[in-house]
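Across the two complexes that follow, chain A remains constant while its partner is chain B and subsequently chain C.
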Partner chain A sequence: MAPVMTDTSSEQVTSGPVWRKRTTKQELALWLGWLVLAAFFIFCWQIMTKTTIWAFVYDAPRQALDIGSRMVPPRWEYLPNLLEPLWDTIAIATLGTLLALFMAVPVAFLAARNTTPSTRFIRPVALLIIVSSRSINSLIWALLLVAIIGPGVMAGIVAIAFRSIGFVAKLLYEAIEEIDATQVEAVSATGASKAQIMDYAVVPQILPAFAGITVFRWDINIRESTVLGLVGAGGLGLRLQESLNVLAWPQVTIIFILILITVLVSEWVSAKVRHAII
Partner chain B sequence: MLRLEGLSKVYGTGDRALTDVSFTVEPGQVVGLIGPSGAGKSTLIRCINRLVEPSAGKISLGDLDITQLSRGGLRQARRRIGMIFQEYALVERLTVMENVLSGRLGYVGFWRSFFRKFPPESVENAYRLLDRVGLSAHVNKRADALSGGQRQRVGIARALEQDPDLLLIDEPTASLDPKTSRQIMRLIIEICDERGLPAIINIHDVALAQQFVQRIIGLQGGKVVFDGSPDELDADVLTRIYGEEDWSATIRKVDEDAEGTEDSAEEIAAALDRERLAGLT
Partner chain C sequence: MTTATAPAFPTTWSRPPFIKRAWLRWTLYLGALLYMVLAVGSVEVNWMRVWEGLDRGLRFIQGFLLPDFTSRWEDILIGMEESLTMAVTSTVAGVAISVPIGIGAARNIAPLPVYAVCRAIIALSRSFQEIIIAILFVAMFGFGPFAGFLTLSFATIGFLAKLLAEDIEDIDESQAEAVRATGAGWWQIVTYAIQPQVMPRLIGLSLYRLDINFRESAVIGIVGAGGVGATLNTAMDRYEYDSAAAILILIILIVMAAEYSSGYVRKWLQ
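Up next, the complex of A and B:
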């Protein structure tokens, strides 16, 4: 785009060429674009709020305060009842993550361009597995699995595993694609077999990424498994569901506190582990 | 003995990297391959162990026609060809010993290599080689804990651990300072002499090539345009290889270089600093 010269009749006669990023026309188009966007937003807002009953919204602070007041003081005597579900929750997250690793690692190697046996046939299948696993939330996986294998911890573990395959495989295959190819070249130049090249040139390079991804996903899974009980897949969520059903707000509070502490601890652990690796 | 006959390489993109390259490397001969960037030096040595598949021509190592080999046959042939790389190409997160022992991968099965259970004679040999290249003290360090010169020594030990019949050396000194470059070149030449090992060395630095090798092949646009002794490299030849330029300084510098930089890396660094400072003012 040619630079735009400003009006030459301005005070400064000796001013050099003036540089502007956009021409006047582009500038106008840009503002027009913003205007259209704003108009569109207002339009959508109106559609969205058409069914809102505003009386309820104005009432919200009072309602929130009301529930809040019922939630304190927490019912501390309820805590012993939560220890077993808490253990279940941690077990669901940990076993689910482990199960996912077993399935995600091969999928990642099949999906990575530089390690897949066939870019045309096998890679798309691996990518499909990744996408389908990632596109379904673990709560929905749990809903399906509770129907298929019945309620309980097992459904939770499998749900967490299915959701984690895509996540772990995607990050891992990206790490595999980013490895230094000359190290692979060097090891293949010694006459090493395919499996040996994996072991000596590929795996050492992705090991830090692999460990980081694993603890990161475990940390996410702790959080996700706290709610899985809502659909009957075991863990803390089960107690949460029960307490909500009977409007036992002081019990809900204590569950919230417990979830908060668990998540804090898991984040602390995963941060420590990742720090130690990288 | 290595023989190339009519070797050509055309990449998938249509780039002609090599055109009808033929030459023979006698046993024990060290050949310096010089040429401008993009002349096909790297492609040439990668064609020899088929890290790059040649498009046409024949490569024979002794009686073995490398271009005709199946996958398994190629693996066996690669065991006989050691390779040393520009950026060392060590597996950074493995130890020095693991890197050296990876030179034996072609000889041991997967599970033995997986559990790092190499035959005792391979391990002994690795210790000997690390001693030879002066790294006995660093056996269990991780490769990324070493300096550039040390890493290249590990690279050399890895290639020698293969007990090769031929060395392919791709810009061994391009990432090293002048003093370390000369030490590494001297080490390579000494080792080739000790073992009567033929080698092809890709090298950027004409002076360094002249100082250390017995024969120089000049590559330009994927074709051999010079093949002779280092003494025959004159302004004419250099122009043929690299194009028009004032070569008088380069040629004259050869002898000075050989003496001057030997033990004065600091002086050069100081001179460079002065130049940089001069550039700033």
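Up next, the complex of A and C:
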């Protein structure tokens, strides 16, 4: 936005033109933009709240107090029952991440412009896999997989894996596209075969990015696997669902605390590892 | 005398290992292996159930190939309407709240007490999954998209305020100093030195968050917070996989469209 000199009203004539941030036209356009946004917001708001029962909303502070008073004191005796689900949660996240890596690496190489065998046919398919996997949340994947392979840890692992493919493959193929081409050229100049170029010129360049992405995704997966049990896919969420069904709020508090600690620890581990790699 | 023994330099090369310290490398490898064995061993799979489920899996794939948009179209329409409006309103409200919190959480322009409070709000919002917040809000505000709107707004704060605060901390200090040298007050520094620098990224992040909020709105319906997730959950419960596939395809298409158009807008802004 270019600064503009304009003549101002008569009382300031002696001081000359005054600098303004925007021209009058830009100012008007800006206000119009805000107006459109506000109108759009109100329009959406009215559609959204068509079915809202406001009595429940006004009642919320009382409900919040009620739930809050039921949640304390936490039932600490429940903690030992949570150790096995905690182990399951971590297993879901870890094994799911590993499973995702096996599937995401080939997809990433097929999606990257400089390594894909065919830009016209194979790349769009790889990109479609990535976007489908990314647009469907792991809970929805879990919902589907619980119906297909039955409730339990296995459904959780596969759900996490399917959700992670898109994430890992997207970041990885961007890393592959950004590699330094001169190294590839240097290795190919030694007479290396296609596989050797991959092994000695491409892979070493993306390995740090790959490790970083993996740990980052593992951290997110720990977060997501804590709630997968809500739809029956094992882990802490299963206990959460059970406690919510019987309105056992003191147990819910314990589960929330445990989830919070798990998430914080995994975030700390992931930050440490990424710091060590990069 | 033949001196053609081994040359003083190595003739072969092997690449350096990823982790240099040998003991650390082997401990990590062994630990990982041990964990893998234990973790895989603890996963119980009922193969009979998987075998029975394959039939459903097949029906689901069929559903994807021949999605059924018509028989539940009314429900899908209502769900989509709720999801889209929820995504828009929660993004607008979330951004409106996270801008002041983001400014407060930037150490270079906020005093320490304000900084601490704002960072605490961000940490609180980030540490819980949307779905957990949704469970609590549904319990407090009743079923429906209003609870979903609150959930997504709350989640937006943690995301947007954190990134905005980091962006403000990374600004070019010289511009702020130049404005400060003219005798500008705090408010003028924010509007003339900081806002122009962070605005393009803020708009980009808001669009990205709109996209995330739409995707999340499809999930929180599972616990009763409105949106297309509720429709999806019902379809799954009724074993109507072709309707479920239709909903999933619509979600994917909308996310793709949103991603494409937000990329376009971001390019146009720069």
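The criterion applied here is as follows: the second predicted complex is superposed on the first by the 249 of 278 C-alpha atoms of A that agree within 3 Å, B and C clash if a C-alpha of one lies under 4 Å from a C-alpha of the other, contacts with A are read in each partner's own complex, and residues count from 1 in each chain.
We adopt the following convention: a residue touches a chain if its C-beta (ideal position, glycine included) is under 8 Å from a C-beta of that chain, and two chains touch if they have at least 3 such contacts.
None of the values given here were measured: they were computed from a predicted structure.
Novice: One more residue to check, A:Ala186. First (chain B), second (chain C), both or neither?
Specialist: Only chain B is touched by A:Ala186; chain C is not.
Novice: Could you look at A:Ile122 and tell me whether it touches chain B, chain C, both or neither (first, second, both, neither)?
Specialist: neither
Novice: With both structures superposed, pick whichever of chain B and chain C touches the larger number of chain A residues.
Specialist: C
Novice: Regarding the shared-chain residue A:Gln205, is it in contact with chain B (first), chain C (second), both, or neither?
Specialist: first
Novice: Please work out whether A:Val18 is in contact with chain B alone, chain C alone, both, or neither, and reply first, second, both or neither.
Specialist: Once the two structures are laid over each other on A, A:Val18 reaches no partner at all.
Novice: When the two structures are overlaid on chain A, which partner does A:Ala195 contact: first (chain B), second (chain C), both, or neither?
Specialist: In the superposed model, A:Ala195 contacts chain B only, not chain C.
Novice: On the A-aligned overlay, A:Asn137 touches which partner chain: chain B = first, chain C = second, or both, or neither?
Specialist: In the superposed model, A:Asn137 contacts chain C only, not chain B.
Novice: With the two complexes superposed on chain A, say which partner A:Leu35 touches: chain B (first), chain C (second), both, or neither.
Specialist: In the superposition, A:Leu35 touches no partner, neither chain B nor chain C.
Novice: State whether A:Ile148 touches chain B only (first), chain C only (second), both chains, or neither.
Specialist: After superposition on chain A, A:Ile148 lies in contact with chain C alone.
Novice: List the residues of chain A that touch chain B in one complex and chain C in the other.
Specialist: 200, 204, 207
Novice: Spell out the residues on chain C that touch chain A in their complex, using ranges where they run on.
Specialist: 15, 18, 35, 39-40, 42-46, 49-50, 52-54, 56-57, 60, 81-82, 84-86, 88-89, 92, 127-129, 131-132, 135-136, 139-142, 144-146, 149, 192, 196, 215-216, 218-219, 222-223, 229, 232-233, 236, 239, 244, 248, 251-252, 255-256, 259
Novice: Which bits of chain A are touching chain C when the two form their complex?
Specialist: 1, 21, 37, 40-41, 44-45, 47-49, 51-53, 56-57, 60, 63-64, 67, 87-88, 90-91, 94-95, 131-132, 134-137, 139-140, 143-144, 147-150, 152-154, 157, 200, 204, 207, 211, 223-224, 226-227, 230-231, 244, 256, 259-260, 263-264
Novice: Quick one: which bits of chain A touch chain B in the complex? Just the residue numbers, please.
Specialist: Touching chain B from chain A are residues 180, 182-183, 185-193, 195-196, 199-201, 204-205, 207-208.
Novice: Along chain B, where are the residues that touch chain A in the complex?
Specialist: 49, 51, 75-79, 81, 83, 85, 87, 89-94, 98, 102-107, 110, 113-114, 155, 158, 162
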